[in-house]
């Protein structure tokens, strides 16, 4: 049970969501780790796209930035950033957007812009980046972030990237024809939108976590499947591939480059 | 006096209009011959652009088509056609558009679309190609074509590429801030728009041609500078460079390629 | 399923009667082999799209495959008119040809908009030209920021785009270079895509920022060496300018044209046979 | 007149107080040397433009050069916040910072529109986001053909664009490769252009369709080897990830930051001296 960390479980659970052969637009950090783990395990033909313009990248170590040389050199092709966003993302070629977040709410709306008032912010976050149009132009999106009351709030103070907006058919009514977030993978379990209300529901728990813990780390009354199944634990292969990847990555980034 | 042909004189007179160092968007055929002659004589730093996407081309032989391999292989860079028209032409980088024409009128409007009724044409011509936006987005344009009553008409039946429209400030009023046609070079002489009325006026005659001949080959009452100076005849260098170029070209195109 | 199949199969499976089909190429890499296969399979009522329709569109029009043509410059480059195109427009032979006419800048922008999944393209152009009077698709818009008047046209999204390229790998990824025209845009804008290639290699080796079309945007990849003949493929063979010149008298005459289509397209099995036949018959004594 | 000059001269001649300046680069090829020269010359009231402002913009903001920033993602990639940026936004130190915020897709499109000399860009985006509530430049338009609602934003046309590239030739033509971001668009959209390069070569040797910026779109070309350090230049040197990590504690503290700017930017003559100093002081024992 203690043979793996919660972050490892989170990454592995997220990686499993990525089907072989899909085209995935990948955010830096946790999404990138999960997507590459998928590529190195069950999804060798997944096509990874980073917004820096690299398409079909197969990095040997995880990139520290969205535009590492490793991404460019291992890519099938490198295009300009306007081409990336106009032809490839907006063009409709992306099956899955894989995103991180600073804050997420009940309907999987993401905030990466600002905590508090926009003009007098408590915390100024990095901003939108590619996420708003990934979340609206990719056929569906997956979100990965650690669960905490600070991150999982009833209503985000700023919707940077729309999830299901105010729930129900709000997303469709706003004019968005893509599915939006289909799963949120955390260090405690997996959440997914209720098919009708679109409210995030706890659909699986990682072994060692409890519903109470999950509720404690959520800023709204968290509904759960009853009973909540356990996420299958990491396989030895998943664990060893992830650890090798992390080790290679740490080693590569410990130098000046 | 008979040491050169009227077509040679026309090409040479046209080539002289191209200043060294300018960026010139070149049409195929006579404009291409004149522009390359300029490059090989007094304007070694002229930048030649062909709409096929080739920028800074230095073809050794004249291209038969707008997209000959010779243009691509001798180019400083080759871009896509949308980039060519959007970033380079519309972007405002072209100093001079060098155009041919099937028909031209008194105000240097060009027709390359249709003779007669559009839907029941007497003669269907190739169409617009790049010319309309060359004639409006290049800072100025030069036109080269042989003078004849069939080609020089009072009013074209179809304006494919606007010159000075109905004359005077019509072009500016239509919303065009570029100069438009500044000279029309023919096998008989050179015409240029009157500064005010914008009507084409005969401003020089090639040696051996007469005002009467020019009038005979023009479908409206042709005004002339008084007196009309003669175009300086070809220099031995201009003639020999042009003939070498034409000879290399004929040789190259006589094979299967 | 592998994307690699025969051209015959690809055209049969993907091109439907009535489709809008863009066989793009800007002098370089014209998909002649694919055009011949369309004629051979007697596809009908096609709307052909291309900025620079040339001989292969002349052949398709004369062979009765085409209902409408969307284009911006139709000619035999360096030679003259497209006589089959003119005969269709001027005399309705072999059937009337509807035309929808653009300028290059316009059409390049509408392909760009199609690839970018935008419903329309914006152009600083068409001002002063009569073209908008005859193409009702061209409208005008006022910039919400500067009040400038700009032209807008609907995005171009062909049912099928067909192009020719230098290389593909076994997975069906395609690499092309040289004068690449609007091919990437036409491919990304289309519902279905067929690409003929000179060769299938073990590994593509594009330079940094080289132009690659990944297999997941393509429906069929077909190996057709020489498939752009008599146009050219940079790195493989040059343009057969002589054929372009020789086409002129053939196309001028309906009878000669019909005979030519019969002999060189309908009566041959595939493009390789056509090329062999043509090289034998048409250019005697020329060994190049 | 040759386009080649010293960076000091280029910044002095071309960058004016109050200008809008885009120093573009997407992780790769960040023009650090040029940014330091701007700080050294104490340019003021700049509007900085960049999709991904990082450490060099943090430095420019903290050094008091900046009045406004137009951006879509501001962070220390792989590390965390830009503390000088946050301090300016949250606390107005050293002066208030006006921000104009976009998304990447939006900003990439506005650069594209700027390069294409269109007054506005069209985007299938911003729907459902709160961003348009806080950026009054984002408006909505109805497609004249399909009635769809689309976002429009004014084109981006910086007064000055500054980028770093691999190579120039003596004439001032520039060749770059790898992750090229929005550099071509930012260059073509700008009024004036400065490009720093790793080296000046006798002859550029781009592959077919390689990315070249001709000398006639550039105002100054400056040879600054290592000019993207601590970012990277593909084919020349790798990213100094350690410096990005070490920046975090420096930037968190106003005093340490001021000292750093003094020691490494104001008190040195040029970028080469800075690099030498930094490599000696900051990364002791690291021989890479």
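Order of writing sets the chain letters: A, B, C and D. Residues in each chain are counted from 1.
Assume a contact is a pair of C-beta atoms (placed from the backbone, for glycine too) under 8 Å apart; a residue touches a chain by one contact, two chains touch by 3 or more.
Since the model is a prediction, treat every value here as computed from it, not as a measurement.
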Set of chains adjacent to chain A and to chain C: D
Selected pair, greater C-beta contact count between B-C and B-D: B-C
Furthest chain, CA centroid comparison against chain B: A
Inter-centroid spacing, chain D versus chain C (mean Cα positions, whole Å): 41
Centre-of-Cα separation between chain C and chain B, whole angstrom: 28
Computed distance of Cα centres, chain B from chain A, in Å: 57
Residue numbers of chain A (touch at least two other chains): 72, 78, 86, 90, 137
Residues of chain D engaged with two or more neighbouring chains: 117-118, 124, 148, 178, 180, 184-185, 208-211, 234
Interchain pairs in contact, sorted by label: A-C, A-D, B-C, B-D, C-D
Of chain D, residues touching chain B in the complex: 115-118, 173, 184-185, 188, 206, 208-212, 214, 216-217
Chain A residues touching chain D - in the complex, by the definition given at the top: 28-29, 51-54, 63-69, 71-73, 78, 80-82, 84-86, 89-90, 113, 118, 121-124, 126-133, 136-137, 158-162, 165, 171, 174-176, 253-257
Contact footprint of chain D on chain C as seen in their complex: 117-120, 122, 124, 139, 141, 143-146, 148, 150, 152, 154, 177-178, 180, 207-211, 234
Parts of chain C lying in touch with chain B, wherever the complex brings them together: 26-28, 51-52, 71-75, 77-78, 81-82, 85-86, 89-90, 101-106, 108-109, 111-112, 123-131, 134, 148-149, 178-182, 184-185, 232, 234, 237-244, 283, 286, 288
Complex contacts: residues of chain B adjacent to chain D: 23, 47, 55-56, 72, 76-79, 86-87, 90-93, 137
